[in-house]
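Heads up, there are several structures right after this.
Two complexes come next, and they have one chain in common, chain A, joined by chain B in the first and chain C in the second.
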Partner chain A sequence: MNFLRLFARNLREGPYTEAFPFAPAPTAKRFRGKIEFDAETCEGCRLCERVCPAGAIKMERTAEGMTFDCWHDTCVFCGNCEFHCPTKSIHQTADWHLAHRQEDKYRMVEHGLIPFQVCTECGSKGLATAPAAGSANPPLTAEEFQHVKSLCPKCRGKFMRARKTKAKA
Partner chain B sequence: MSVIERLKTMATKSPWIYRINAGSCNGCDVEMATCALIPRYDVERLGCQYCGSPRHADIVLISGPLTRRVLDATLRVFDEIPDPKVTVAVGVCPISGGIFRESYAVLAPIDQYFPVDVNVPGCPPRPQAIIEGIAQAVQIWRERL
Partner chain C sequence: MSSAVTTPGKSVGKSNYTIPVGPLHVALEEPMYFRIDVSGETVNAVEINAGHVHRGIEYLATKRSLNQNIVLTERICSLCSNSHPEAFAMAAETIAGLTVPERGQYLRVIAGEVKRLASNLFNVAILTHLVGYESMFMHIMQVRETAQDIKEGVFGNRMDLGAMCIGGVRYDLDEETIGILTAGLDKIEPEVAEIVKTFKTNGSILRRTKEIGVLAKEDAIACGVVGPVARGSGVDYDVRREAPYHVYDRMPLEVRTFDDGDVWSRAMIRLHEAQNAIAIIRSCLKELPGGAVNLGTKLDIPPGHAVAKAEAPRGELIYYLKTNDTEQPERLKWRVPTFMNWDALGLMLRNAKVADIAIIVNSIDPCISCTER
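Then we have the complex of A and B:
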């Protein structure tokens, strides 16, 4: 219906010119622009990397943890990554100011790092990803979430299984 | 002020733009045409004008991932444009290959063949983003002239 309103306004007021670049340009709230990544809530499932049709996302295990890189110069702003991300840690902002000089070409990257941590239960090394708790029933409380986040994958599994048995009983 | 200098000041006010379609899907071309043809965006406010002949151009916008078949033609047209010129890559295709990256049929990124100055990513970039890129190109062109 929005276009009918626009149409009516254009009939009434005639065409107009935006002041851009001398003033900000109007941008739709849902505009699909530059990718943003939040390492705090990322589960590390790498779905985004898999579904990206342009191969813009690369996640890699390094000595410090798991790195996330999205190169804006090859992203086609399809929104596939955001759609499939279970935690919405990756999302498209309405920012479209991406024009840049050639020397900055390889700096147009969104970078993130999920660091390694030491498990608070058994002391072994694991990635500090957010727990994959989408299917937990009843849902994890904030404290439980923080506790599970501080565990290694093995201890997480143990904790979740114990919780499930307790919930059933 | 000498005649040459006066001519230069005059010329920097109105760069002419030429478009090369190097195998683009037409998305970027439509947006580039939109910049000039639709009063809402009106790139001609910046003193720019699209021209029909490469020999009159100052700024060249290249779209598309540079398919193998158009390489020769594109290089030939590019050489027709007099120096100094500023090259703008419009869309992710010319910058990295975008959705066609690593295809056997395309030669992207085009900076292997053309001296690119400004990149405008997007698939396609919105008209305002292209205008932003052109504004940067005009700046570079003023430095060069």
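Then we have the complex of A and C:
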């Protein structure tokens, strides 16, 4: 190895290190960073909670509905939740800015809420989760999706069964 | 711990000492404890004491579901972090009788070889650091940094690729990521060729590594060493060739051996395998078929047991998985390359100079985290 040539090259190109925090550090598009949760599209299947190897994800029934919490201080950023999520309601952003003060350590949480709603058909209370539409054949249209979403689990089942018999006929 | 004992019959001034090296030592990267009996500057006997980074992962694995264990096994060790979930997934697939889609198999090879490239460069860099050639160390680490950039760009993380899942891979390549991959390889390839040239000609490296830590072929076979340590001692064995998995039988795999069995031979094997890894990745990219990359997320692994093996950067990695009716495995056990290789350290260190201990220990590329899990 010609170190003189290498020396000249390094002198010309300057340091390899990033100027961070004085300048932004380039981040790969696919970087697996902070978790982002979308309560709108979540089916509430809680698969993410089950596949999370670190136990960072907690989904809980409260008075308001179903809460989603991902504790970033426990998360190992493996992306298992995103991989297994049937609706891709969880995804990893390229944001890696997670340095925080000690007193903020319990606030490094991605929080979401799937609220309770009143069923538009029968008036009973149910979670406003996205309908499990993956197996619907033919696939749900946008209006159908919104309609099913406004129903309680019982009415959803009724609607889907009726739709199935109609599709068969 | 050290005690001076004068042995009768030895020349005056040459006394026997017992010196402790590790578990925390400036020249060791991993916590390992050596009790070394020296006579003057020469090593007489070595006793290896392990257990400093035991974390109970085998037990932990039986408390996690198979899908969670893909992530847990990836975190056993950082440098072979791809080979662990790879072998684990292969065992699960054997139990369930699953065949990974062809594109998934190619992508598995790419992930494995990218890791091998970075891991081998890292070990060679540490060798130059221990030799005292710091500028070379910085340079090789910078070359490896390009491999790290590939990993971050393609897989999203510098160490834990998160590439594997049961039934295939979790990532896919598109035009952009293939661009990152080829641009990175184009940058690394000439640099590695230069590093190889330096290793063949540089006096400081040659003087510190040639005929140091010799492991004869018979001893290598007796110890059952694997990976670059075995190939550096003339044992012609590579899992990728002997028991081809994924699509390695179609790859331009070149298994090279050296007969000297010294530190230099092992470093040269690693450098050659880094170069070969580049050739394998290129050939994968050329032949990459279309189609699915995995079998989906809803896989059923029935009760059963299976053994799978893969060639990690450090050598043969064997996984044993036993499943039952539950989501959690009944037993998960693995044998890592370092477990086979560190036994040979006793032979390599015999009659070595105290100053060479760190170089010789590094030459087996020890991974204590894997071994003690």
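Please note the rule applied: the second predicted complex is superposed on the first by the 154 of 169 C-alpha atoms of A that agree within 3 Å, B and C clash if a C-alpha of one lies under 4 Å from a C-alpha of the other, contacts with A are read in each partner's own complex, and residues count from 1 in each chain.
Keep this in mind: a contact is a pair of C-beta atoms (placed from the backbone, for glycine too) under 8 Å apart; a residue touches a chain by one contact, two chains touch by 3 or more.
All of these numbers come straight from a predicted model, not from anything done at the bench.
Three-chain overlay on chain A, with chain B and chain C fitting side by side and no clash. Legend: residue contacts after superposition of the two complexes on their common chain; A:97 is shown touching chain B, with no touch to chain C. Once chain A of one complex is fitted onto chain A of the other, the partner contacts of A:50 are limited to chain C, with no touch recorded for chain B.
When both complexes are overlaid on chain A, the residue A:12 reaches neither chain B nor chain C. Look at A:71: by the touch rule set out above, it reaches chain B but stays clear of chain C.
Residue contacts after overlaying the shared chain place A:79 against chain C, while chain B stays out of touching range.
Put simply, the nearest alpha carbons of chain B and chain C end up 5 Å apart when the two models share chain A.
In the superposition on chain A, chain A positions 16, 53-54, 76-78 are in contact with chain B in one complex as well as with chain C in the other. Touching chain A in their complex are the following residues of chain B: 38-42, 45-46, 92, 95-99, 101-102, 111, 116-123, 125-126, 128-133, 135-136, 140. By the touch criterion stated above, chain A contacts chain B in their complex at residues 15-18, 20-21, 25, 53-55, 71-78, 96-102, 105, 108.
Chain contact summary for the complex, chain C toward chain A: residues 64-65, 67-72, 74-75, 135-136, 139, 142, 145, 149, 152-157, 160, 162, 165, 170, 176-177, 194-195, 197-198, 202, 297.
Those residues of chain A whose C-beta lies close enough to touch chain C in the complex are 1, 3, 6, 16, 28-32, 50-54, 76-80, 83-84, 86, 92.
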